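We call the chains A, B, C, D, E and F, going by the order they appear; numbering starts again at 1 in every chain.
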């Protein structure tokens, strides 16, 4: 209870190890390992398990959003990496770089991806920095039908 | 199909009006109005309805996360406003300011809230700008039990 | 010279119209229109022309980076949109949404893209917010050969 | 003078230890320890002391802003943590997590807090990503009286 | 009280006009006009006056920080603009661009400034995106003397 | 191929050491060392060399943008540090702090610089957080001549 000057643990809360997980948490852990085809539970998920509803809703949503649809799995992981590099999230950059490499992107492909990320972080600052008024507007059908 | 220099519509896709919604989308619209006690569907939700799964997963998650728990509704809305002000999201700032006012925060309370947001956006830049090593570490029980 | 309370012009500097452009600027304008297959020069480029070296270096770099390579043109535009949505850059979001639509992405595809962007902006905040230590590390061949 | 490839020190400037502090700096250090009820001076403040006016103005302002008013101390610390998680500031996240725990927030409370932070970092990207026009506007009394 | 779909007012709270200001607020307004040599009170300050302590502490701090020291006034305004362009803050970009122009920066100078801002927003994304370990470390005298 | 729980290497790709560089990469390395007057190739550049076009375009652009013009070298490096501190980019903050120190900025000057960065990260959040309408607009000559 209270602050200390101790060594930094691997997160600001205690992670829930597999051996200490409740049945529901273990079920989610098993689904994570099966879905991602890995043999350990990453720190990210063991940390969210410190508040089980957060683990459940985050995993459920991630699994749904990352399922291939109009965009394939690799494109989705590349977008995840682009977002993470823009935000500078260390954990996420490592994790999504591992994922895109696993899905076949080589160093030249990663270089192209980060070149695009770098370029537009730069041009975003120009468009904002000059307060340029939008004039290239996507065509929108304003009839308003659903689907 | 293609770009134009037309007037900006209220979003980059067509919003789905209530009168044009499918039964499932209308059901969600009704839940939004009932839960938020408002008599119209905000642009945010009418825009997400351009891709119904996005509407459904976002509303389901928001409803679950914003339900009062250890933190009450007003505290959660204040945190939402703090995040939105930090990110500079126009739509979100208007919407969450309306919500905290509705929940009883007056101008002085809003001033205190934004003073805290302003202060720590400033000190974040100092801690990062000097690359200060963390030494005030929360105490973590690393025994790793779940709950 | 000095501040005023006038109406906001379309940028904080005067844009260079085609009719007023120097030969070198006009050459770049022509290349922009030909490369992007549009019949007008967008505000972004007319604004950068207020400092011609900035126009030239930005256009040269954008043209090189956006050329299809291991990643195709649509993937690159989707990444540009992901970056711009994460940064909240109004001009850029409009422009890149127009581009991905022109390249065939429909509303469902855009919904999937923004669902991924939204999800990972959220999980980035969790990984950072809990200060989770990276453990999913991409495999790196540290032998250090070039190419 | 000049760059090197040495080990990283705990900040980019030399911290001012208590034993080496001028009387005015020591006075502020003592106030920090008394106000925060801790028995050491955190790295953050020892670093700002490398430019004493920065130490003084930052501490003075933080002390004023964080004093309980319409919002209590714990709410203010939670907002500080929400801002720091959104910005991904390592030092600040550790420090404010320690503070909210000290003020009684348990792991479930922290989980709720970060779930809100995560959710709205995600929805901010949607509202910006679709460029949705604000329609939920807080009611403002434009008569313009001061208190 | 409550949300509406009305026209957006110029801020989410009522601004305090000069004619309606309390003596203390008017005193600060007069100091702002005199210090900045302008004949109106900008919206920013009239908005902060909705919570007078916020007006007072923000103005006091800004006046102290912006006073010329080792860095001159124009350099400080350029840094303010660099920060504002990086954050994409519309109000701030307009205001600081007006200030640097008033202090003599012409369009070419502004172009150079924003070229630097653009470049490093881009390289920041590369350094983070590749998770490159710092090796260019500023030399720090760790003897720890305070000035 | 695939993920592991190994120790973190100094980047997510293999850096290209000088001894393993192709002639073109070595040429750029030599230019970097000569231009920056250092006797080693920083990790940043050895990492970009994993995709040689990225190394070449980034170095070429950086060299052009950082050449003294209306703004001198130290001012440009200070702006680079302001951007990096705002983004919280660890590598970049270390590197640009080393650079400004090398160019003669002492701890008091660095303190002034970061005080400005901190202040405006704070006021940006206020201007956005209150959604204040721009009224201090730079004077723009809309006649539209190019230079």
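By definition in this document, contacts are C-beta pairs under 8 Å (C-beta built on N, C-alpha and C of every residue); 3 or more make two chains touch, one makes a residue touch a chain.
Because the structure is a prediction, the values reported are computed rather than measured.
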Task = Touching both subunit A and subunit D: give me those chains, sorted by label.
result = B, C, E, F
Task = Pick out whichever of the two, B-E or A-C, is joined by more C-beta pairs in contact.
result = A-C
Note = Greatest centre-to-centre gap (Cα means) from subunit D is with chain C
Ask   = Measuring centre to centre with C-alpha atoms, which chain is farthest from subunit A?
value = E
Note = Chain centres from averaged Cα atoms put subunit A and subunit E apart, in whole Å, by 32
Key: Distance between chain centroids, defined by C-alpha means - subunit D, subunit E (Å)   = 19
Key: Whole-Å separation of chain centres (CA-atom averages), subunit A against subunit F   = 25
Message = If I count partner chains per residue in subunit D, which residues reach a count of at least 2?
response = 1-3, 5, 8, 11-14, 48, 50, 53-54, 57-58, 61, 65, 86-90, 93-94, 97-98, 101, 108, 112, 114-115, 117-119, 121-124, 126, 128, 130-131, 134-139
Ask   = Quick one: do these chains touch in a line, a ring, a star, all-to-all (complete), or other?
value = complete
Ask   = Mind pulling up the subunit D residues that touch subunit B in the complex?
value = 8, 10-13, 42-44, 47-48, 54, 58, 61-62, 65-66, 69-71, 75-76, 78-80, 82-84, 86-87, 89-92, 94-98, 101, 105-106, 108-109, 112-113, 115-117, 119-124, 126-128, 130-139
Request  = Going by the contact rule at the top, pick out the subunit B residues touching subunit C in the complex.
outcome  = 1-3, 5, 8, 12-14, 48, 50-51, 53-54, 57-58, 87-89
Of subunit C, residues touching subunit D in the complex = 81, 85-86, 88, 90, 93-94, 97, 114, 117-119, 121-126, 128-131
Query = Mind pulling up the subunit C residues that touch subunit F in the complex?
reply = 1-9, 11-17, 20-22, 25, 49-50, 52-53, 57, 61, 64-65, 134-147
Note = Contacts from subunit C onto subunit B in the complex sit at residues 38, 40, 88, 93-94, 97-99, 101-102, 107-108, 110-112, 114-115, 118
